Amino acid sequence: MKYHAAMREALRCELERDPAVFFMGEDVGLPGGIFAQSRGLYEEFGAERVRDTPAGELGFMGAAVGAALTGSRPVVEISFADFFMTCIDQLVNQAAKIRYMSGGQAKVPLTVITFGGAGRNAGPQHSGSYEAWLGSVPGLRVVMPSTPHDVQGLLKAAIRSDDPTIVILNKALLGIADDSEPGVEPIPFGKAVVRREGEHVTIVAWSAMVQTALEAADILAAEDGVSCEVIDLRSIQPLDGELLGASARKTGRVVTVQETVTFAGIGAEVAAEVSRRAFGWLDAPVQIVGPPFTPVPFAPAMEGFVLPGVGSIVGAVREIL
Amino acid sequence: MKYHAAMREALRCELERDPAVFFMGEDVGLPGGIFAQSRGLYEEFGAERVRDTPAGELGFMGAAVGAALTGSRPVVEISFADFFMTCIDQLVNQAAKIRYMSGGQAKVPLTVITFGGAGRNAGPQHSGSYEAWLGSVPGLRVVMPSTPHDVQGLLKAAIRSDDPTIVILNKALLGIADDSEPGVEPIPFGKAVVRREGEHVTIVAWSAMVQTALEAADILAAEDGVSCEVIDLRSIQPLDGELLGASARKTGRVVTVQETVTFAGIGAEVAAEVSRRAFGWLDAPVQIVGPPFTPVPFAPAMEGFVLPGVGSIVGAVREIL
Amino acid sequence: MKEIAPELRLRLYETMLRIRRFEEETGALFAAGELPGFVHLSIGQEAVPTGICAALGHEDTITATHRGHGHIIAKGADLGRMMAELMGKRTGYGAGKGGSMHIFSVDLGVLGANGILGAGQPIAVGAGLSAKLQGSDRVSVTFFGEGASAQGGVHEAMNLAAVWKLPVVFVAEINGYAELTPYQYHVSVPSMVDRAGGYGIPAVSVDGNDVEAVYEAAVEGVARARSGGGPVLIEARTTRWHGHFEGDRQLYRPAEELESLADHDPLTRQADRLVAAGLLGEEGLNVLERRVVEEVAEAVAFGRGSPEAAPEDALLHVYASEGAGAAGAAEVTR
Amino acid sequence: MKEIAPELRLRLYETMLRIRRFEEETGALFAAGELPGFVHLSIGQEAVPTGICAALGHEDTITATHRGHGHIIAKGADLGRMMAELMGKRTGYGAGKGGSMHIFSVDLGVLGANGILGAGQPIAVGAGLSAKLQGSDRVSVTFFGEGASAQGGVHEAMNLAAVWKLPVVFVAEINGYAELTPYQYHVSVPSMVDRAGGYGIPAVSVDGNDVEAVYEAAVEGVARARSGGGPVLIEARTTRWHGHFEGDRQLYRPAEELESLADHDPLTRQADRLVAAGLLGEEGLNVLERRVVEEVAEAVAFGRGSPEAAPEDALLHVYASEGAGAAGAAEVTR
């Protein structure tokens, strides 16, 4: 199944399962989504439950919070993660805090799907992801599937969860496919997965960087005889500290790789987690690979320069061997 | 001079120095600010340059960006840092990226002052700071003065800078005073300061936590005979990696302390920086002290519980001795 | 307009009195240092929430503001649990986590006071949306002031409610100020009725110090929204007596304005009416007064007698999926 | 209305033609895979920016949209530097960092196209504010569509400009769609003139496919703003010919609508007028056509011949205080 079809499949399944679920966003209804990610849902479930919104994210994100407070289970699409900036108050000050502020009376079963990530020459205002920001908000869950299988499983888990959950998909993965079928079971939050077992170094990646990390591991195996363990975080909030700690204790060396700037990012958090759990076992500082501290430039040559590729991962691993 | 008077003094100085500077925000004009932080400026500089805004941050923050692009040097107050959530697009997608997107043609000499911080029983929506978020945006500068002296020096530096700069003051410091006089020189960005020299452990703090760290250092000196070096970051973006590295190499042990949740926070970034620069010298993992992963609760007993106090710092230091 | 039933006319007065006495007591407790944080009082504005909520049913929902005690009391809240929340007690509506600016009662349809201007309006639109999706005839009401009207959130909410024809009643509670600056610093048109016109939302302006006028407008607006007519806006012009928050000395207000506040007193006005109509005499007023004062005193006693939130309670209610939440909520039910 | 000078009438046509041919070429280059990212074309809408910008002086500023080539060309941009930017070249307006959606020219008063709906409007208000603070009679113009009108930023900008009576001209460029859904999915009133009424902003609606009508409205609106009359709004109703972005097959548009696009062609209309007025004959049209086609061809040649942005150039222009910025900018000047 393809990555965007997996999103559609999970939505279809949940819309069918639970009449309280509805889906809304810009162009997700009649037009079927700008990436064809919701094609057919409007026809199947109608304009009320698969709903085209005006181009005002603050309004419909807030409406989703209100609907979630009153018995519905909204799924909202924000087409580019950068547009969170126009509606983030409803996530940070409202959705995330309402249960807390209400002393546990209220729940906010809201799911937000967005497309993040760079590498598509979409320029500085259409290439962000913001997992570190949203992951640092108590009350929110954040997941980032890197495969069609995980899109299905994590999106279903998000929709069935009673907590506000952000599902960050990656534009660069829109073309990928795997052999998953409809009917993937929900994947519990907070469970990372080992994509490749290894002995000498742990590479921690998520979203589009998982594939890059696997390719780097191939090269390191072939050229250096180095065996890399590749971990796909999948869940950003909560992080799977246990798996990270265990792998770090095994290999003694950790490299993280991310496509967003590293300052106070998930790499730094993974490093802190690893350091807490495996300090005595570490033979080298955790290497945090990511772009330089710039916006994401438009021109392919520059964008390619800032985004970490196989080479930067291989380089970082070699540096600590 | 008092903390809020230092803000007023720096503003007065810059408004006088440069006719392009103006100041605006909710209630900062005629009423003189809800903390009396701008009292007298309206009378001195008039309603055009000390300007009361409508209660719509997105509008006036965007207007500040536009004014900065056309020859003015706006200083904007966002009374509580939490309200950034309603106007953050203008900071993140506009102010921070405009110079870059314009290929260096444009500059955005914008200063934003805000009051962050908890400890005032202001509840979950009025106790945030967001230095990790804003510090992670390429194109923005972020400073957090912990003394009246530094309020003057950093605010002046911000206003004279051609880059968009966020000055996060702390509500809990509004009452403090030091012996600084008007006329403090601008303090360059990226320079942390050693508030107390020490040998055994480095405690890294910023904003309101600096005072708490100094008190913890007193106790550790008195009760444990441990000599702590206390570093006040002052500048979040850029961080003073050099000073952090040097101190860590000297002491071999680092504790960071912050009043915001630690997930992907400044503590994690400091730890990453220290680890890059002093891994071989570290005798223990960097300890990142901060509140548990919850919103900031209203009731004093609960708020006191979540905020790190002297005890948590002392405990963290003892753990790694 | 139909006559308002005598019993309801009395109840309108009593609700306003309940709000008034609760807030006076709140102000006194705050001045005495018994309430942490800060509080915003709506004394002088009681007719607005009272008139509006009298037109609502139990299932209908509201979103309140930072100055929301009146809205929440008018929707039927328990004064004890409110006072306990202001005191940061475990028995408060938010188990002490929210405080004055964040009171929710899911049971009563109070979808939160809000410390962020312009945030409650989109939430209210969502409550209207779910009513529609669920086939319910629930109506969603949202209160906001002139200050909040400058926020993008209010605009997006009005536009969305109008585009989707949702059962939302926007109540613009115009008290002359936003924090420390007057109406014209925030709004460029004389009335929120003009603003509503920009969305094609039918709107009316009423004397917000006349509880019966507010009630009548509310009945009409709510009926329209409930019957599928789409959103409406009611502007209620009223008067803020106290400062923006307790402690604000209001130096920015003209002396004559401050001196003439009581001329607009919605309680006096309603009491006079009831007396004139023969519905209430001196003794009746006294009975009501005693009942309300006693209720407020009980609320204070309940708050004072309630256990402090335990420090570690701070860890509860972050996630529903942790299970702790449900247990915590059950505990605070009286 | 005064007569429009013949020379200006011709120039209006020529500017529209320049936009049209530039964008047609852009579409062709995109289809051929020569342009990275994605592009939004404004073919069919040329009369709006052309008529508006013809009423502006060099000092006046504009904020453009994601569909902003026309706005920027009409303000006087160099086609070569624009094309170079679309190609991601070093000589582009953004040195290849921004691309189609982020073209700035500080010299020409182009304060950016913008990839975020509703962000340009507050920025334009700020340009109006600084004009006022600096005692300049500069006017600030901002373009936005029906989709953007749903954004809080547009509301806050209109309110702020009206409260502060700033010299801002809001141009609502209504092309029937926002991405893939039509006007009524985004706006609840028939016209943006109604919306402007909600702020007390004087407004007019014009045929956005008639460049002279747009120009006349602009002259009046700009004069009002320039002379201290505060903000104005001009709604220009126009027609989007292409998809939302290149590659969009427009399956959501009725066939008759797509078939009749050329009926609204602002270029044909203006050409016919010029011919009827005896200002231009067949040969004159051909001369103009050749001149513009050549100019566009030169722009493409300039873009193609320009150096790629070097990978490490990505590190420049993040901060002004690093000094690298100024040097980088100088390099890209032809």
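Order of writing sets the labels: A, B, C and D. Residues in every chain begin at 1.
The criterion applied here is as follows: a residue touches a chain if its C-beta (ideal position, glycine included) is under 8 Å from a C-beta of that chain, and two chains touch if they have at least 3 such contacts.
Quantities reported herein were computed from a predicted structural model and do not represent experimental measurements.
Looking at which of B-D and A-D shares more C-beta pairs in contact, the answer is the pair B-D. Chain centres computed from CA atoms place C at the largest separation from chain D. Per-chain CA centroids place chain B at a distance of 39 Å from chain D. Between chain C and chain D, the centres computed from C-alpha atoms are 45 Å apart. With each centre defined as the average position of its C-alpha atoms, the distance from chain A to chain D rounds to 36 Å. If each chain is reduced to the centroid of its CA atoms, chain A and chain B end up 30 Å from each other.
For chain B, the set of residues touching two or more other chains reads 53-54, 56, 58-59, 82, 85-86, 89, 93, 100-101, 123-125, 138-139, 293-295, 297. Among the residues of chain D, those in touch with two or more other chains are 94, 96-98, 102, 114-116, 118, 150-153, 155-156, 159-160, 163, 185-187, 318.
If you draw each protein chain as a dot and join the dots that touch, every dot ends up joined to every other dot.
The touching residues of chain A, when paired with chain B in their complex, are 82, 85-86, 88-89, 92-93, 96-97, 100-101, 123-125, 132-133, 135-136, 138-139, 237, 261-269, 271-272, 275-276, 279, 284-286, 288, 293-295, 297. Residues of chain C touching chain A in their complex: 61, 63, 92-98, 102, 104-107, 111-112, 114-116, 119, 121-134, 138, 140, 152-153, 155-157, 159-160, 163, 316-321, 324-329, 332.
By the touch criterion stated above, chain B contacts chain C in their complex at residues 26-27, 29-31, 34, 52-56, 58-59, 82-83, 85-86, 120-126, 292-295, 297-306.
Taken together, the chain C residues at the contact with chain B in this complex read 36-38, 88-89, 94, 96-99, 101-102, 114-118, 147-148, 150-153, 178-181, 185-187, 244, 251-252, 308-315, 318.
The residues of chain A lying in touch with chain C in their complex are 22, 48-49, 53-54, 56, 58-72, 74, 89-90, 93-94, 98-109, 138-139, 141, 161-163, 189.
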